[in-house]
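Two complexes are shown next, each including chain A; its partner changes from chain B in the first to chain C in the second.
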Partner chain A sequence: MDIATVSIVIINIVIAIILSLAFVPILVWMERRVAGFIQDRLGPNRCHIGGMRLGGLVQSFADMLKLVFKEDYRPDSIKEKLLFTLSPAIVFATSFLTFMVIPFSDDLTIGAKTYMMQALPIDLGILWILAFAGLSVYGIILGGWASNNKYSLLGGVRAAAQVISYEATMGLSIISILIVYGSVNLGDMVRFQGELLWGFIPAWGVILQPVSAILFIITAFAETNRAPFDIAEGESEIVGGFHTEYSAMRFGLFFVGEYVAMSAASALIVTLFFGGYQIPWLNTEALKDNIQTVLISTIVIMPIISFFFARWIKRNNVWPVKDDPRAKETGRLLKVLIFINVLIVLSLALILAFGISSNGVNISVALIQFITFVAKLIVMNFFFILVRWTLVRFRYDQVQDLGWKILLPISIANIFVTAIFVVAFGG
Partner chain B sequence: MGIKVVPRHGSTFVEKLYLPTIAGGLKVTFSHFFQNLKDTSKIKTLSYPEQQPSDITSRYRGVHRLTKREDNTISCVACFLCATACPAECIFIEAVDREDGVEEKMPSKFSIDLLECVFCGSCVEACPKDAIRMDTGIFSFVKKKREDFVVDIDTLLSYKEFKGDKS
Partner chain C sequence: MIDIIFLILSLIAIAGGFGMIIFAQPIYSALSLIVCIIALGGIFALLSAPFLFMVQIIIYAGAIITLLLFIIMFLNIKDDNLPEEPNKISTIVIGGVLLIPFNYLILKSFAAMEDKPMHILSNGFGSIKIFGTELFENWLVPFEMISLLLLAALVGAVVYARKENKSEEK
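This part shows the complex of A and B:
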């Protein structure tokens, strides 16, 4: 155990925690602002710390703080006190643990050792995720049952039935993608997607297995209990569903768990079907060979993007009253943006001037791939949010019809077709 | 005749596939999102306390005011018709004799409890002298105590007529 090993393990765990936990306020903020913009409203944008609104991001932190300091109330009618307390923790912990096997970048080689860039360096990958995705519904079922309330119980039962019917399709759609990749290790899958198909198309899962990708995305929506499959909450029919009796941070854990689950599902979709950390046409070897070109183009592209971003901030981040602290925010943001730009361009120029060792190349490639992964993750999360604010909730029987009569046969047929194709053409 | 037959959607093959129509819906929402992200100034939302609404017309039924005669004395003759017409019973009048010979009576106290008032405008309809009007254009009144919401005769006389747009 040398310093490099320990520090990389710690960095990996911290990254996983940041991507799952610290992402939640950002996702809540994204959800609200995107919903606002879709409905031609502004969304939350007034809350500020010393004038810094950050486009309303401060609001989610304020809400989190409120949830923490609210009274932790439990009705006297609840007899299953342990399960009542345990179930939010189950939802939260399982969706959190799902994130632990997602690779953020290709295996990092430092010196003679190679490290897997995921929080838990295990090869099981997809099996781990399936195990915990199935387990997370226990929290909802137990919470609904322990609440000792008809509506909560109905919500829990609905969640159970829904997850059972969609878990089948999800597993089967994963099987067909496993036939193509020939591995359960997520790192191997992403490495496979770095290759090119017939020399010019990136071999992403969504291109090799479009049916499986669509099925998996639909079932991921159902697994995370998000619209259009959020019948477990179904506030128009069963009050609040499984979390009717919950308040304060117990509810907060359900809430955070839902967003972590959404983020984990997005990460899984990105990893399985959208090339994970791979930049299209630039896989790890190509990145390592052309690191100079990549760094130089970063130096050129970054100020250009920042210029347009700054113009966008100037046009849109306005406050009607001049002597309010919030009116000064735009100037400060622009200063910070310029500072970041100067810092990055200078450091990249220094690196280019002095040359990089092979370790440095590996680390910078890992960093570039990590940024790519986060960008893809944000886009996928945005897709989740967009779907939620576009589609209406399914009726309960329609959910079951869709799951058993349409998605399941398609997924089985997809496995057959894929298997025949792979056997006939040798993969 | 007069009946519009709306075709029932969802029967064609493309619609039964769900995904093309879902993509259409996503396109609509995303185009709204993208336009508003590009330029938030097109959004109609007001930053309310800082930006006041500009679409309040002169006919807007706001807080009451008492009108004056041409010689700058109060028009009200303390006939109690408004207080009788008031469904919320929020008008409180005390009458005294008028000494200058213009009319027989005038109010010494005329207060309206704005928390009780339902802003129906019956008092304005009932008034034979056009002495009470609701054309101040004031739509928001914030005070710290319940007692402060009972506005007295001097305040009611001090409000001015609101003529159209504020902007």
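This part shows the complex of A and C:
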């Protein structure tokens, strides 16, 4: 175990924790602002630390603090205390573990060794994710049952029925995409998507398998219990569903778990169907060959984008009262933006001036791919949030009809068509 | 190291098995079964069978027990609905005693086997690719027969359920 190995293992785990756990406040903030936007209001934007509002992001941290420090109350009617406490932890842990096999960038070669850029370097990939997607429902079922409350029990039963119905379709839609990629390893899948189709279209899963992509996205919504499939909560029908009796951090774990699950599902959709960390038309080899051009264009493009971003901040981030600390925020934000720009441009210029070794090329390629992955992840999460605030909740029988009568036959037909294509045209 | 992990996993599996027959509340029995199954999955992983390990969790822990729990919760069994089992412990002990000859036979045959190294095998043993090739090259006919059997069971279940509904309507 040399230093490189240890540091890469630590970096991978830290990245997984950041992308799942530390992303939750950002996702909550995004959710509230998008909800505000759709409902024609502003959403949270006043909470501040020393004048810094960051567009309302600070509010989510305040919210998390509130959940942590709230009184941990448990009604006396609850007999199964162990299960009651255990179930939020199950939801949280399983959704967190799902994130462990998502590749953040192509295999990184440092010196003679090659490292898989995943928190858990195993090649089981999709099987691991299916396993933990199936286990996460136990938290909801047991929480609903242990609450000793009819509404909670109904929520738990609904969640179980929904997950059983949609897991079948999810597995079948994955099978048709596996036939195309020929591997269960997520890294191999993303490498496949770096190639070009007929020389000009990126071979992304969504282009090769549009039906499978749509099916998988729908079932991912159902598996994460998010609207329009949040019948397990269904506050208009069954109060709060499985988490009616929960409060404080026990509820907080359910809450965080939901967002981590959403983020993990987005990461999986990006990895399976939207090219993962691949930049279209620039796969790993192309990036390595043209690293000079990429760095120079970064130096040119970044200040231009930052200029427009700064103008946007100046126009939108205003506080009417002059002597409030929040009025100074725009100036500070602009200073930080300029500082970041100068830092990045200077360091890139230094790197270009002194030339980079092959290790340096590999690391910078991994970094660029990681940034691409995070950008795609944010866009996919945004899509999840947009859908939640646009569509209304399904009725319970509609959920079952959609799962068994529409999605399942389509997914089986899709497997047949895909298999015939692959056999006939040799893949 | 592997011996210690094996011991821990087997103890968990045995505890899960015991829990399943001892608990009166069906939900706890089902949960003990999950614990037992996951621990068995861990033992599969130790024996260089990652595919079996994952399938064990996906199929048994993920799908079948979820269905079981769903049904138990759907019936919503109260404490007074449970059957009284006054001789439970003595029945379990008698059953255990009756099983001793079998256990003796199994342990004897284990002791007769030669020593095999307990470590993770290399060259892809038990990986998905090797497993699939073996299954579809040497065991294709049994595999297809089993899938036909499962399909027949599925169709049979549907037909059976349908007949019940019709008789209710009359």
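By definition in this document, the second predicted complex is superposed on the first by the 427 of 427 C-alpha atoms of A that agree within 3 Å, B and C clash if a C-alpha of one lies under 4 Å from a C-alpha of the other, contacts with A are read in each partner's own complex, and residues count from 1 in each chain.
Definition applied: a contact is a pair of C-beta atoms (placed from the backbone, for glycine too) under 8 Å apart; a residue touches a chain by one contact, two chains touch by 3 or more.
For clarity, every value in this text was computed on a predicted model and none was experimentally measured.
Colleague: Once both complexes are superposed via chain A, do chain B and chain C end up clashing or fitting?
Modeller: fit
Colleague: After lining up the shared chain so the two structures overlap, which partner does A:Leu153 touch, if you call chain B first and chain C second: first, second, both or neither?
Modeller: So A:Leu153 only meets chain C here.
Colleague: So, A:Ile179: does it touch chain B (first), chain C (second), both, or neither?
Modeller: After superposition on chain A, A:Ile179 lies in contact with neither partner.
Colleague: In the overlay of the two complexes, what angle sits at the CA centre of chain A between those of chain B and chain C, given in steps of 10 degrees?
Modeller: With chain A as the vertex, the angle is 120 degrees.
Colleague: Kindly classify A:Leu130 by the partners it touches after superposition: chain B alone (first), chain C alone (second), both, or neither?
Modeller: In the superposed model, A:Leu130 contacts chain C only, not chain B.
Colleague: Using the touch definition from the top, say if A:Val34 reaches chain B (first), chain C (second), both or neither.
Modeller: So A:Val34 only meets chain B here.
Colleague: Let me test your reading of the model: by the given contact rule, A:Leu19 touches which partner, first (chain B), second (chain C), both or neither?
Modeller: In the superposition, A:Leu19 contacts neither chain B nor chain C.
Colleague: Which of the two partners, first being chain B and second being chain C, lies in contact with A:Trp145: first, second, both, or neither?
Modeller: In the superposition, A:Trp145 touches chain C alone.
Colleague: Just to confirm the value: shortest Cα separation between chain B and chain C in the superposed three-chain model, in whole Å.
Modeller: Least C-alpha distance after superposition: 28 Å.
Colleague: Which chain A residues lie in the overlap of the chain B contact set and the chain C contact set?
Modeller: None.
Colleague: Can you tell me which positions in chain A touch chain B when the two form their complex?
Modeller: Touch residues, chain A against chain B: 34, 36-42, 46, 214, 312, 315-316, 319-321, 324, 386-387, 389-391.
Colleague: Per the contact definition, I'd like the list of chain B residues that touch chain A in the complex.
Modeller: Residues of chain B touching chain A: 19, 22, 25-26, 28-30, 32-33, 36-41, 43-45, 47, 50-51.
Colleague: Enumerate the contact residues on chain C facing chain A in the complex.
Modeller: 27, 31, 34, 50-51, 54-55, 57-58, 61-63, 66-67, 69-70, 73-74, 76, 127-128
Colleague: Touching chain C in the complex: which residues of chain A?
Modeller: For this pair, the touching residues of chain A are 83, 122-124, 127-128, 130-131, 133-135, 137-138, 141-142, 144-145, 153, 156-157, 160-161, 163-164, 167, 184.
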